[in-house]
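Paired with subunit B in one complex and with subunit C in the other, subunit A is shared by the two complexes that follow.
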Partner chain A sequence: MSEANASATRITPGNALRPEDIALLDTKPADAVAQYALWLGDDALILAQRLGWWISRAPELEEDVALANIALDQIGHARSFLTYAGRAWDRTEDDLAYFRREPEFRSVHLVEQPNGDFARTIARQFVVALYQWELYSRLVHSSDPTLAAIAAKAVKEVDYHRDHSIQWVLRLGQGTEESRRRMVAGLSLTWPYVEELFADHPLVDELGDAGVRPSSLREPFDAAVQAVLAEAELEVPQVPGSVGGGRLGRHSEHLGYILAELQVLAREYPGASW
Partner chain B sequence: MTTTAIDARSREDHDAAGKRQFDELIAQDSRIEPRDWMPADYRKSLTRQISQHAHSEIIGMQPEANWITRAPSLKRKAVLMAKVQDEAGHGLYLYSAAETLGTPRDRMTEDLIAGKARYSSIFNYPVLTWADIGAIGWLVDGAAICNQVPLCRASYGPYGRAMVRICKEESFHQRQGFEILLELANGTPEQRAMAQDAVNRWYAPSLMMFGPPDEDSPNSQQSMLWNIKRFSNDELRSRFVGMMVEQVRVLGLELPDKDVRFNEETGRWEHGPLDWNEFKEVLAGRGPCNAQRMERRREAHEDGAWVREAAAAYAEKQALKHAQAA
Partner chain C sequence: MTGGSTTGDDGATAPSSGPQEPRAAWPLWEVFVRSSRGLSHVHAGSLHAPDAEMAVRNARDLYTRRNEGVSLWVVPATAIITSDPYAKDQFFESPQGKDYRHATYYTKSEGVKHL
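Now for the complex of A and B:
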């Protein structure tokens, strides 16, 4: 194993896996693994882009710091997954982030949803963090060592995101009448996009032990959600699920605007280095 | 003799002993700590300075946050997010340092929002291009470092200690700004032009960050006697110009100032005339972005009120629950 290759599996603090290490890997992921890495990378990227808006607008300075931290972690995960995916097609993380069009993105509709008020952001964060934690805590056993290494770093960080969102669901759910009303509204606006997270696509069959079957995460996710909402004296919203389609490149109307902002500068100066 | 009179006399004795100790500590260039006696003016002046500094960090998040969603590479986006996050952190330590002088953070925030408190007027200039993010890091953070390194030795302990950590992080910020400009200066002709334009626009405002010329800076002298400020505005400004002259050569860009020169006689760097009228105008609220920055701060504070109320109500309910269980 080359020095660069060895570094991709280093997961100890201070020696954490970096996208720069992944870019130097000798091995290329199989196409299915690369596609799967796009799913996870795009989710993290679009979520980070949404969360980044809050920095300088949060209800408390402590929350500016917390939301920035979560966004930063997500950008880190996105960079690793996209760098790895790009190895399959000789494209860099930035080629993939800045020079793909909407239908080429694989993010789920949930992460594309608007921030809304703080409660809506927390509702989205609650769902994403619980889902990502279930996902990454299984992906650490992936037969693909790079995916496993990325997940091993990510799961530790997402554990904090989970704690952060749970603490806020409890506070907003049991705080004041207004916060409860807003939390209930935030959850109902978010819930139509939950189902898509657990949909199995044909790609999953091609992955074998490299990936995690989305449908297998539903039960533990529901149990975790139930426990928190019960403590917060809130209910799981009974709203119809939306069709989704993000994994196939069929996105919400929001993604176009998100990408317009994300990509504008890079596309204004194609070929430039920053 | 009434009790009040005794209280008043023991108060006077206490003050006299406190003042002696304070003067001694200052004379020894030692540190004043929150529980130590201090003159009312020292407390007031420090509260003003530290809270202004905290407000500057918080308002200063806005111009840079403006580019987080548009940063041209994922690495730059991550670095910029981390930088703006650091600024929120600096605001937090500084508000905490100011709180040790007796003013709660809420009051300081309210003063800022009511327009009663100031923040560094540099943040009232617009951040128009990506190169501005580089120029802010290089020039604005560079000027801030020149100003702040001596503050690590400020006589008030909590302020000095907060500044040590802040300065370490600021030096990363300056490097990232320099790196952005270096990349642009060595990039395409358009990128290079973007970098030069940003340096042209940020140079004079960053020199004015050191405050008015010494002869117009009424608070400086007292502040120096109290070992809060160590060098005069003009002294620091000249030092900063010297640093920039060297660094701009590495960038291969130019400072928009044909009068920059090293004066052999005084041993100081000199710069061209600065438009102090513009400085006063921006300080008085008539800068390009004053209204926008204040509106955004106010909006975030007001929109977040229900969240803060919910957190407080929750904490109260939890405390009650624990008390009942005990």
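Now for the complex of A and C:
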């Protein structure tokens, strides 16, 4: 009975895997799998922190709620991935989120890029959501059952993020002259960070069937992007890729500021709960 | 970085050119949620959205996030014809003293069975 009562307070309906369940797993992930979980968890965590800035600042209350919901979904994914990664090194999700230094983060440069105006945030969301959808919809077939379960839960939520960003790309692209100008600017500021998403690092070879080869996602990603931008009568920006290096812990100047805000409370008052 | 905000809008802010024009608000939509199969849609509240497609999405965010619904309707608020609140007295006059509106007011005819 106590189990039934406990489940009533679960935020996640149904039997979806929760971070609390992952923390209690008997199995520990192999080091490569844990490193890979760190990649995906850090992407989600940093993106969520960026999106959270919009709360109380979005153009309309309804959009405020939409962006906050997307941020919360990403925090959920980050919690699962980081909890699982931490199992390999006996560290909790909080240890990993709050007590790692900047070079220990494995997120891509894309997610740390500034929010800019609404169109720039939508451009970043558009790229992230399409990429994550292609990734998670394949990761559900991972030979690692925990990664597969996290992906199965995440892919449904990311499907909505994808839809949300596509709707806005279409509307801003075909809206007013001003909205179109901003959408074009947002896409061209975002595009240098696309290439890094699809780079194969040596870690990928160690993963085998547990992970998804980033380069294999490029073609379906490009096709999906092309379809939306064509409908919005926008063009894929032709800009050189940035240097990247996020997966190796080399970040742009933005991540330090993000971490300062994200980590200050936990570091100032270790063990605090709120 | 501006204004001490570390993770915020330090990028593509629009050049402000003169006083800002007041922005037209998005139109209002009324939201109806059907909580489970077999029940009817019930008015849940209202929201703003630029068009019908976005209204359905916003409704999903605002009114069904915690598993409340299986179906959503959104209706432009302007499409709803309401009764006149000032004509309330005439419109919703008390049925008191109008027993003839109820079937029990009438005497059953003799010989009619199963009534």
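Convention: the second predicted complex is superposed on the first by the 257 of 274 C-alpha atoms of A that agree within 3 Å, B and C clash if a C-alpha of one lies under 4 Å from a C-alpha of the other, contacts with A are read in each partner's own complex, and residues count from 1 in each chain.
We take it that a residue touches a chain if its C-beta (ideal position, glycine included) is under 8 Å from a C-beta of that chain, and two chains touch if they have at least 3 such contacts.
It should be emphasised that the depicted structure is a prediction, and the values quoted were computed from it without experimental measurement.
Trainee: After the superposition on A, what does A:G186 contact: first (subunit B), second (subunit C), both or neither?
Mentor: second
Trainee: Determine, under the contact definition given at the top, whether A:L61 touches first (subunit B), second (subunit C), both, or neither.
Mentor: both
Trainee: Applying the touch criterion given at the start, work out whether A:G116 contacts subunit B, subunit C, both or neither, answering first, second, both or neither.
Mentor: A:G116 contacts subunit C only, not subunit B.
Trainee: Based on the superposed arrangement, let me know which partner A:A272 touches: subunit B (first), subunit C (second), both, or neither?
Mentor: A:A272: touches subunit B, not subunit C.
Trainee: Determine, for the superposed model, which of the two partners subunit B and subunit C contacts more residues of subunit A.
Mentor: Of the two chains, more subunit A residues are contacted by B.
Trainee: In the superposed arrangement, which partner chain does A:A71 touch: subunit B (first), subunit C (second), both, or neither?
Mentor: Only subunit B is touched by A:A71; subunit C is not.
Trainee: In the overlaid three-chain picture, which partner chain does A:H164 touch, first (subunit B) or second (subunit C), both, or neither?
Mentor: The second partner, subunit C, only.
Trainee: Just to be sure I read the superposition right, which of the two partners does A:W53 touch: subunit B = first, subunit C = second, or both, or neither?
Mentor: In the superposition, A:W53 touches subunit B and subunit C alike.
Trainee: Which partner does A:Y257 reach: the first (subunit B), the second (subunit C), both, or neither?
Mentor: It touches subunit C, and subunit B stays clear.
Trainee: Would you mind listing the overlap between the subunit B footprint and the subunit C footprint on subunit A?
Mentor: On subunit A, the overlap between the subunit B and subunit C contacts is residues 49, 53, 57, 60-63, 65, 69, 117, 171, 182, 261.
Trainee: Quick one: in the complex, what on subunit C touches subunit A?
Mentor: That would be residues 1, 5-14, 26, 47-51, 53-54, 57-58, 61-62, 65, 67 of subunit C.
Trainee: Which of the residues in subunit B end up touching subunit A in this complex?
Mentor: 58, 61-62, 65, 68-78, 81-82, 84-85, 88-89, 91-92, 95, 130, 180, 183-184, 187-188, 190-191, 296, 299-300, 303-314, 317
Trainee: Touching residues of subunit A toward subunit B in the complex: what are they?
Mentor: Result: residues 45, 48-49, 52-53, 55-65, 68-69, 71-72, 75-76, 78-79, 82, 93-94, 97-98, 117-118, 170-172, 174-176, 178-179, 182, 261-262, 264-266, 269, 271-274 of subunit A touch subunit B.
Trainee: For the complex, which residues does subunit A have touching subunit C?
Mentor: It comes out as residues 13, 49-50, 53, 57, 60-63, 65-66, 69, 114-117, 119-120, 163-164, 167, 171, 182, 185-186, 189, 254, 257-258, 260-261.
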